[in-house]
């Protein structure tokens, strides 16, 4: 139960970071924190009490056992990979911005691009 | 019809293009042409809706693509706009052909997909392609703002659909619309808010459209039309489907969304009215039109909404490309700097004028049909104040478009144009293609304005639910 | 001031979320609490029984044969069979962002010096570990249908091994041409397998190979093939991203 | 009888321990998250992000999601941290530490 609350709180921490920070790197870190919180939340949606991990092995050898929901796991795998893609792109942009303006602070960059 | 091809072919072309970079533009042209021909061909032979299951896993378990009249019209509109854009701005593409291919696949996917999570994936692909395209003009700061906002929005969208998965145990939109039926659930309010916030960023609704101005103010014809026309088409068509076919909005949510959309419409038109630069006027006008389309969708007027959307995106292709081209060649897109430019270059001046008049909604133009349909629909629905707002806003729109046209056609004092820098580069021959295309589009717009629209109606007659529910197995 | 406003906004959103999820008064439809989930209410039940298109219902390890999806790892069967289209999109996301990063940072590039001068043992030890990591990565994506892992972590491990080489050697540079070729070929093959399924089975991305016995290495039909392609593609794309970040533009 | 009793007692202990681990991990994640956002030095912020990601891996394992845990461990806390650090490294000025 706790972990689901904490996942939502972690998302809120990420949003707080996005709202309050004006440093490019910090904003990307905040986005990542938001995404981690979201991923934990999605996994917690699929958790079944006393369920086993969704892999058939020689121990858990029948589909009549109680498994946790595998679909959220698949969704989170996708979400993690998408997150990496966006983060890499954001960091590339950050690098270009630093080259152009010499700083990571959005407010010090001047108005016009 | 195999709708998966509309997505698979551009993707395959993109993967090949990254290996053989030399032929990337050839592959782009081929893929765009294929998509265009294939959609138009399928629209002609269209008889009844199909649900295409990917991987032969029946819905709601596998991912399915939905091809009904509505998505077919959306896909045609999208591919026409995309083809026009690529054709008109072919020189600007440069190294970005792969990005365009991927965005073409993603936008087709957004319209066709029948799965909420699959929609998220396509939205992310499209969004990443858009971030890359908008970084083309080196305005990294604006692109970064767009990226942060877009990523946060899609995260919230994902949060929303996960809550829906928890509530209903499915992600398939048809299955979902069956489970929901006509009931208004209180528990749905939160996920719906998140989903609409997520979509609003790309659909350019008001509190979330701050990124548009920075990104597009200096954009070239390619990026501008991509965002204003192609992305707007895909997102708004999907928005319409979510609002009208799947989710039942509670009254509070409906009123809230309507207020947001109407505010978007009025404030953006006011902003457009106060601007002097062509591209800024056009981008604010696009935001306003997005608001109008959402208002129509919220009132269940699907056909008028699609007509308004079509009018907007096709006209904007011409308007924005011409504006960006003039700005590129003269160094300014201020309407007072460009005084009398059309008098010298009549060919695309006429195309621009027709598109602008269609935007305003003058009689005998396509825009008139669209707006008339919208107003009649709203009045029939018992709405009084929405038509009044739309009419008032149209007057504002008419005033600023007329101001543009009078300025651009009247030379004013002699030699005004010569003051512009780089004016020597401004040669007619560069504009032959653009001029011809804008003329043809102009003619089509006029033709669509005069001809009756009964033929289109057949694509919208079919009720989404009644047909599609037959094709779903027991779930 | 700004921080105070942010905190207030975030608190509002938080109250909204918690209130709507856990304190809803609506009895007809309620958010399922943590751990108290009934899979029978969800589409997942049929993923576990592998009975989407009909079937006996109970799947047994190393016994059941010829199922619609032959993977012992349910997550893999969802990723590569049931929701393969998502995975194609996912691969495309990585593809386009790697392309975008290379385009943004662009131009002719040269190595950036590391923060330290690598010594002999580090250089040669890294080569050894590199080999082990690549083997582990390959193991991971070729056993994706049996064990946790699969194409994405497997590919990332390969990319991490290349990162190791970058760290251990100031001169090292991956061959971008071959990375691009791997990326393109793997991606094209994925789509071509999908299109081949249209020709053979009539449906895009359908599983057209026999699925074998659940739990065998050679089972799952197209799953191992697709996962190997994904692994190669992800590995080359992430290596490309790493290369873009480790190098800098030549002035 | 005694054996069964012992077993159940052990299981009860296990459940309690898991819950405590969950709470500890969650609390750590939140605290470190706030530290990451308020950190003075950017490098510290990135290290904290990496730690959160690692804690998320533990959370995934607790929730029986080994696939996600492996992926998050390799991609989330490995590669993402690496490209963050490289970004900072590439933009630092001469003679400045990160």
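We just call them A, B, C and D in the order they show up, numbering each chain from 1.
The rule is simple: a residue touches a chain if its C-beta (ideal position, glycine included) is under 8 Å from a C-beta of that chain, and two chains touch if they have at least 3 such contacts.
Just so it is clear, the structure is predicted and the values come from calculations on it, not from any experiment.
Trainee: List every chain that touches both chain A and chain B.
Mentor: C
Trainee: Does A-D or C-D have the larger number of C-beta pairs in contact?
Mentor: Here the pair linked by more C-beta pairs in contact is A-D.
Trainee: State, to the nearest whole Å, the distance from the C-alpha centre of chain A to the C-alpha centre of chain D.
Mentor: For chain A versus chain D, the centre distance works out to 12 Å.
Trainee: Just give me the whole-number Å value for how far the CA centre of chain C lies from that of chain D.
Mentor: Once rounded, the distance between the two centres reads 20 Å.
Trainee: In whole angstrom, how far does the Cα centroid of chain B sit from the Cα centroid of chain D?
Mentor: One centre to the other, that is 41 Å.
Trainee: Quick one: report the Å distance separating chain A from chain C, using the average Cα coordinate of each chain.
Mentor: 15
Trainee: What residues in chain A touch two or more of the other chains?
Mentor: Counting only residues that touch two or more other chains, chain A contributes 3, 5, 9, 15-16, 20, 44-47, 53-55, 71, 73, 77-78, 80-82, 84-86, 88-89, 91, 93-96.
Trainee: Please list all residues of chain B that touch 2 or more other chains.
Mentor: Counting only residues that touch two or more other chains, chain B contributes 117, 121, 124, 128, 131-132, 135, 165-166.
Trainee: For chain D, give me the residues that contact two or more of the other chains.
Mentor: In chain D, the residues touching two or more other chains are 66-68, 71, 75, 79, 83, 87, 90.
Trainee: Touching pairs of chains, all of them, please.
Mentor: A-B, A-C, A-D, B-C, C-D
Trainee: Would you tell me which residues of chain D are touching chain C in their complex?
Mentor: Per the stated touch rule, the residues are 66-71, 73-75, 78-79, 82-83, 86-87, 89-90.
Trainee: What residues on chain C touch chain D, complex-wise?
Mentor: 73, 75-76, 112, 115, 140, 148-150, 152-153, 156-157, 159-160, 163, 238, 241-242, 245-246, 248
Trainee: For the complex, which residues does chain B have touching chain A?
Mentor: 117, 121, 124, 128, 131-132, 135, 137-144, 147-148, 151-152, 155, 158-159, 162, 165-166, 214, 218
Trainee: Sort out for me which residues of chain A touch chain B in the complex.
Mentor: Of all residues in chain A, those touching chain B are 11, 15, 18, 24, 27, 31, 34-35, 38, 41-42, 45, 71-72, 75, 78-79, 82, 85-86, 89-90, 93-94, 96-97, 100, 106, 109, 113.
Trainee: Given the complex with chain D, which residues does chain A contribute to the contact?
Mentor: 2-3, 5-6, 9-10, 13-14, 16-17, 20-21, 23, 25-26, 28-30, 32-33, 36, 39-40, 43-44, 46-47, 51-55, 68, 73, 76-77, 80-81, 83-84, 87-88, 91, 94-95, 98-99, 104
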